[in-house]
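The two complexes that follow have chain A in common; it is paired with chain B in the first and with chain C in the second.
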Partner chain A sequence: MDHGGIGLWGVPLAMLAGAIRVSTPFLFVSVGECLTERSGRINLGLEGTLVMGAMSAYGMALYTGSPWLGVLLAAGVGVLLGALHAGICQLPRVNDIATGIGLMLFGTGLAFFLGKPFIQPKAPVLGAIDLGWWSDIPQIRQALQVNYLFVLGIVLAFAMAWALKNTRWGLIVRLAGESVDAALAIGTPVGRVRLIATSIGGAFAGVGGAFLSLYYPGSWNEGLSSGQGLMAVALVIFARWDPIRCLWASLLFGAAGAISPALQSVGVTEGYYLFSAAPYVLTLALMIATCSPERSLRGAPGELGVVH
Partner chain B sequence: MIDKLTIGRRALLGSAAGAAALGLSGAANAQKPLVIGFIYVGPRDDYGYNQAHAEAAAALKKLPGVKIVEEEKVPETVAVEKTMESMINLDGATLLFPTSFGYFDPYMLKEAGKYPKIQFRHCGGLWQQGKHPINTGSYFGYIDECQYLSGIVAGATTKSGKLGFVAAKPIPQVLRNINAFTLGAQSINPKATTQVIFTGDWSMPVKEAEATNSMIAQGVDVVTCHVDSPKVVVETAERAGIYTCGYHTNQAKLAPKGYLTGAEWNWERVYTGFVDAMKAGKAPANFVRGGLKEGFVRTSAYGPAAAPAGKAKADAVKLEMLNGNYVIFKGPLKDNKGNTVIAAGTSHIQTDPALESMNYLVEGVVGSTS
Partner chain C sequence: MQAALERIAVPALALLASAVLFGLLLAVYAGVDPFDAFGLMYQGAFGSWFSWQNTLTRAAPLILTALCTALPARLGLVIIGNEGALVLGGLAAAAAGAAVTAAPPLVVQLTMIVAGMLAGGAWIAFAGALRQYRGVNETISSLLLTYIAIALMNHFVEGPLRDPASLNKPSTASIGDANMIGNIPGMDVHWGLVFGIVACVLVWLFQRFTTWGFAMQVIGGNPKTARMMGLNVGRYVLLACGAGGAAAGLAGTVEVAAVLGRANASLAVGYGYSGILVSFLARHNPLAIIPVAVLLGGIGASGGLLQRRLDLPDAAVVVLQGIIFVAILASETLYGRLLPRKQEG
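This part shows the complex of A and B:
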């Protein structure tokens, strides 16, 4: 095609770049939620945690000049919100779904309220690793700008998969998620296990939010998340509660989100509303596929959604 | 309890009426401020559309005898009716500015029918004489004039000849901006093309960043936008080292290197006119339009990267616009599907209503309206 552009090759490249850029929040939220759900707890409030994480990270980076302190704060806020969710759910006859929705609204509302002064200013953002140094094509170099958090997310996904499978801790978490009776019989403090798992899950979601406000798109405003936290929770089901599959699913969702702009940028302009809806259609299809009257899903923790 | 309270209020009103009968009403009326309601679809400080209105509202607050009530983040749904009702009934607003495009039909029209004594003025080009209630109206600025000037600077500055436009929805105002920007660029650089990406909604930060990045990957080196908050687009472009033209307000601070110029609103001018009419006891005008000449819109100061040839040409055209004799949309003009949309010899001056129902993209725009 014309000079400067790389034509139709731009579509797969943009989707790859989109997968890398857009997937990180999905990755963090879903890996964290994976741990939470394996312990038998569902946290739908992660959308609120994500937005709170984004807001607090941006604010912290703005005041201290250090985006990494922002990431730390976001993780801390995530722990608090996760612990709050777990604490409420431990009360008798409390439904996690309802609590999660409540916390989602609480988190987003609080973030919008506290985040007012941060919409205008420009905070320092996180750096990236340049993995495209070998190429002369600027598009490839741009696509391969990989953020540290993305790398961290991949490492954490593998580490969690290993830990769930091979460590004593992983066994306890899985036990709490599969059968409360069995766990109690061998003296496992189910409540405490779930509290810790949910808090860690919250920390992950907070870091995912920090990625949104401090790297991509890299500024704080109220439309920042647009439901990514909720989609990530759906993604856990799609990934069959396996952290490594969460990684692939996140990349897939990231690429799906990049389809519409990528196609429009090479001149495929008809039907962009349809392409824009791709990630949501994917979510919907997953929800329908997984919403079965019998519990037929392989890998679903046995205690998930059970109210005691 | 409640009944007693109501009676109490009635008694109070009665005594007020008595006082009015005694000739005290003049003084009481003079002290009653003019209450004006502003409704925004997004946050007031979004570096964009809503901020442009909110800045004007803040300027009105300083006027004596004017009280401003505001509500932000009101969706374009039945929620805006509730907001309007509470502004009318609880705050006593007599002039309302629902500033977002989607508020007009059916929400504002419904409320206007219900409250015929309240004045509603909507930002956008939808009001039509004879078709819509007389207590409603619309105001808008010909910001496409500034977009045309931005296009000239962009066309002169671009190296690849490819410009990018991140747009929210294919509505007439947006298409008019895209077309004016493109025509401006082509006036100095006939080969320039504009790539358009529609994100589907007014505020989609991740999609806006993604759109900007995919255009950069296709060799676009100047971007501008028509979304509620240009902050994400401008920052993404600056980080990638390409140029930007701003929109709604001045975003030069966000892109000190790459900001070329921008199209800005000056709503204060419009609102002050409405307030003066209300204070004089008249209904404000129903159909208010203006461009550079009327001071409704303005351009940002040129950034360091703006090409000198572009600046010179833009200044010359701006002068003609200020004199009121520059026509942007004139024939022969083709759309990007090859159809003639304006015949040779036809000129649409800015006030022409035909321009307010624009539904095409001109030749040189890569994109589609559906």
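This part shows the complex of A and C:
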């Protein structure tokens, strides 16, 4: 039982690596959705945004040779889809949950439609910072390959937490999310605030998608996302609408998502599919544990899910 | 009068807008003449008896899975776990069927139907219970349950329940040809279509003419009032979710018992997701579900023809479905504003 010299230690190590690698899309989507939900709107369509971001980033990287231009385009596509969601939800009597489901279907369908030519060719991918230079063990070196986007995501999570708490803008967003009546009373344009918050949230989700296609797993195909966009929305609830807690939750989810491949890498193939369901079971378990039948969750924006 | 007209005019307008948008996408991006494409879609969906049968075969699971969203929607719940209930229903039916293959066909079929409906019903009732007793958002939990259901199916199909003879495509053991649910006499369409139509009519009668159906409407309209009236909201949530899940489970059962003959990955091909769309397009009205499912089944059936003749990606029909979905939802806002109405009073 020799697996590259580190034996079963490979499992926690691979989970650590997974926490770093797999968590990045969760991190981006959840921090973006955090902002959107703080403004009083739920965007379930982020799953579609994520896939569209992945497809457009990959296509852009393929044509221009620059993965970073791909990331930029993914953010732009995210803004458009976010603005579309916000624009439709702003119409009277339109339900934002249902619209989100519709845009999820639309986004994934459109990505598969437009992305057909990108399935075969190989695009240049994003680089990584080598934090494992001090080690001789290949597994450790590989685990500590940290992508720039992961670092950016952490910075953005802290920046978002700070901005929501301390800036005038953050106050306006929270006001729009807590009470439309109060916001309107002091002349806050609630619709425009939500439009901007949802668009920025979309940009985050687009970048999360770019990470999927341009770093890990690092290719474009129709099975690229397996509900990360949606799980990230659930994760925001679990993180109680706090960007920093979104970061910890993303790391936890990344580690859970890495259990199955990690076990496989040390030769445990029994129950592969059961372990692959771990992130979903974890999400569900956490939601059961943190939700309460009395409607108002601590930290929940007051206007969330209210249709006007 | 205006209200009745609007109920036709608003969705028609939304469908027209979707067709224009989709046509533009085809013309601009794929360089395809949209009229060619729509002509082909009509041919592939309703152009001949052959395509009609293809369309109706696809409509059958859509009718049943749509009920999985439509029934809880009556209570104001948004359940989108249809695919999971279908997959688990199919798996349970295949396992139960394979266990009793020696029994008379009717017994086998009934066993499968009961097993499939119980599995699907329990799955969605679980999401309903989480909502009712733990306050967990039912939309997210039901979709998570779908991913878990698909993982469970993969586990059982590739592990404990795998038929060693299925090499290329891991499957459960066959339920036996004699035990298959056959076609409706005179058609190449299986009995699932009849099951679906009967289920929709039963649900409609239930909602329209029973006290329980009326109670559900009250709860959907105003849960607080319902509670003050002393209605047992939890019971109705479990009932609606359970029945909806059972319908989706029946869809999975029919796929196994009338099409596949065994459970494998072909169960999870998206009938559940399209069922969500059907339910929303029908505005959760059980009778409207039938024609909408036929329309959507037709769009699905024409996908192959678009791919072969115009070289369009098979996702083209998914894009169209997505556009229709969003357009219909956005059109909600037009009710009461589209047609000028006389001043009241």
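The rule we apply is simple: the second predicted complex is superposed on the first by the 292 of 308 C-alpha atoms of A that agree within 3 Å, B and C clash if a C-alpha of one lies under 4 Å from a C-alpha of the other, contacts with A are read in each partner's own complex, and residues count from 1 in each chain.
Rule of thumb we're sticking to: a contact is a pair of C-beta atoms (placed from the backbone, for glycine too) under 8 Å apart; a residue touches a chain by one contact, two chains touch by 3 or more.
Keep in mind that what you see is a predicted model, and the values were worked out from it rather than measured.
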item: Combined model on chain A: chain C and chain B, fit or clash; value: clash
item: First (chain B), second (chain C), both or neither touched by A:V22; value: first
item: Partner chain in contact with A:N221 - chain B first, chain C second, else both or neither; value: first
item: Which superposed partner A:Y280 touches (first chain B, second chain C, both, neither); value: second
item: First, second, both or neither for A:G187, with chain B first and chain C second; value: neither
item: Touching partner for A:K116 - first (chain B), second (chain C), both, neither; value: both
item: First (chain B), second (chain C), both or neither touched by A:P92; value: second
item: First (chain B), second (chain C), both or neither touched by A:T108; value: second
item: Contacts of A:I237 with chain B and chain C, given as first, second, both or neither; value: second
item: Offending stretch of chain C which, after superposing on A, collides with chain B (from 207-215, 261-269 or 315-323); value: 261-269
item: Common interface positions of chain A, toward chain B and toward chain C; value: 112, 116, 222, 226, 271-273, 276
item: Touching residues (chain side chain A, partner chain C) in the complex; value: 44, 48, 88, 91-95, 97-99, 101-103, 105-110, 112-114, 116, 222, 226-227, 230-231, 233-234, 237, 271-274, 276-277, 280-281, 283-284, 287-288, 291-295, 297
item: In the complex with chain B, residue positions of chain A that touch it; value: 2-6, 10, 13-14, 17-18, 21-22, 112, 116, 119-120, 122, 139, 142-143, 212, 216-219, 221-224, 226, 228, 257-258, 260-262, 264-267, 269-273, 276
item: Interfacial residue positions of chain C with respect to chain A in the complex; value: 29, 78, 80, 130, 132-137, 139-141, 143-145, 147-148, 151-152, 154-155, 158-159, 273, 276-277, 280, 313, 315-316, 318-323, 325-326, 328-330, 332-333, 335
item: Touching residues (chain side chain B, partner chain A) in the complex; value: 42-43, 45-47, 73, 159-162, 195-200, 203-211, 213-221, 229, 231-232, 235-236, 239-240, 253-254, 366-368, 370
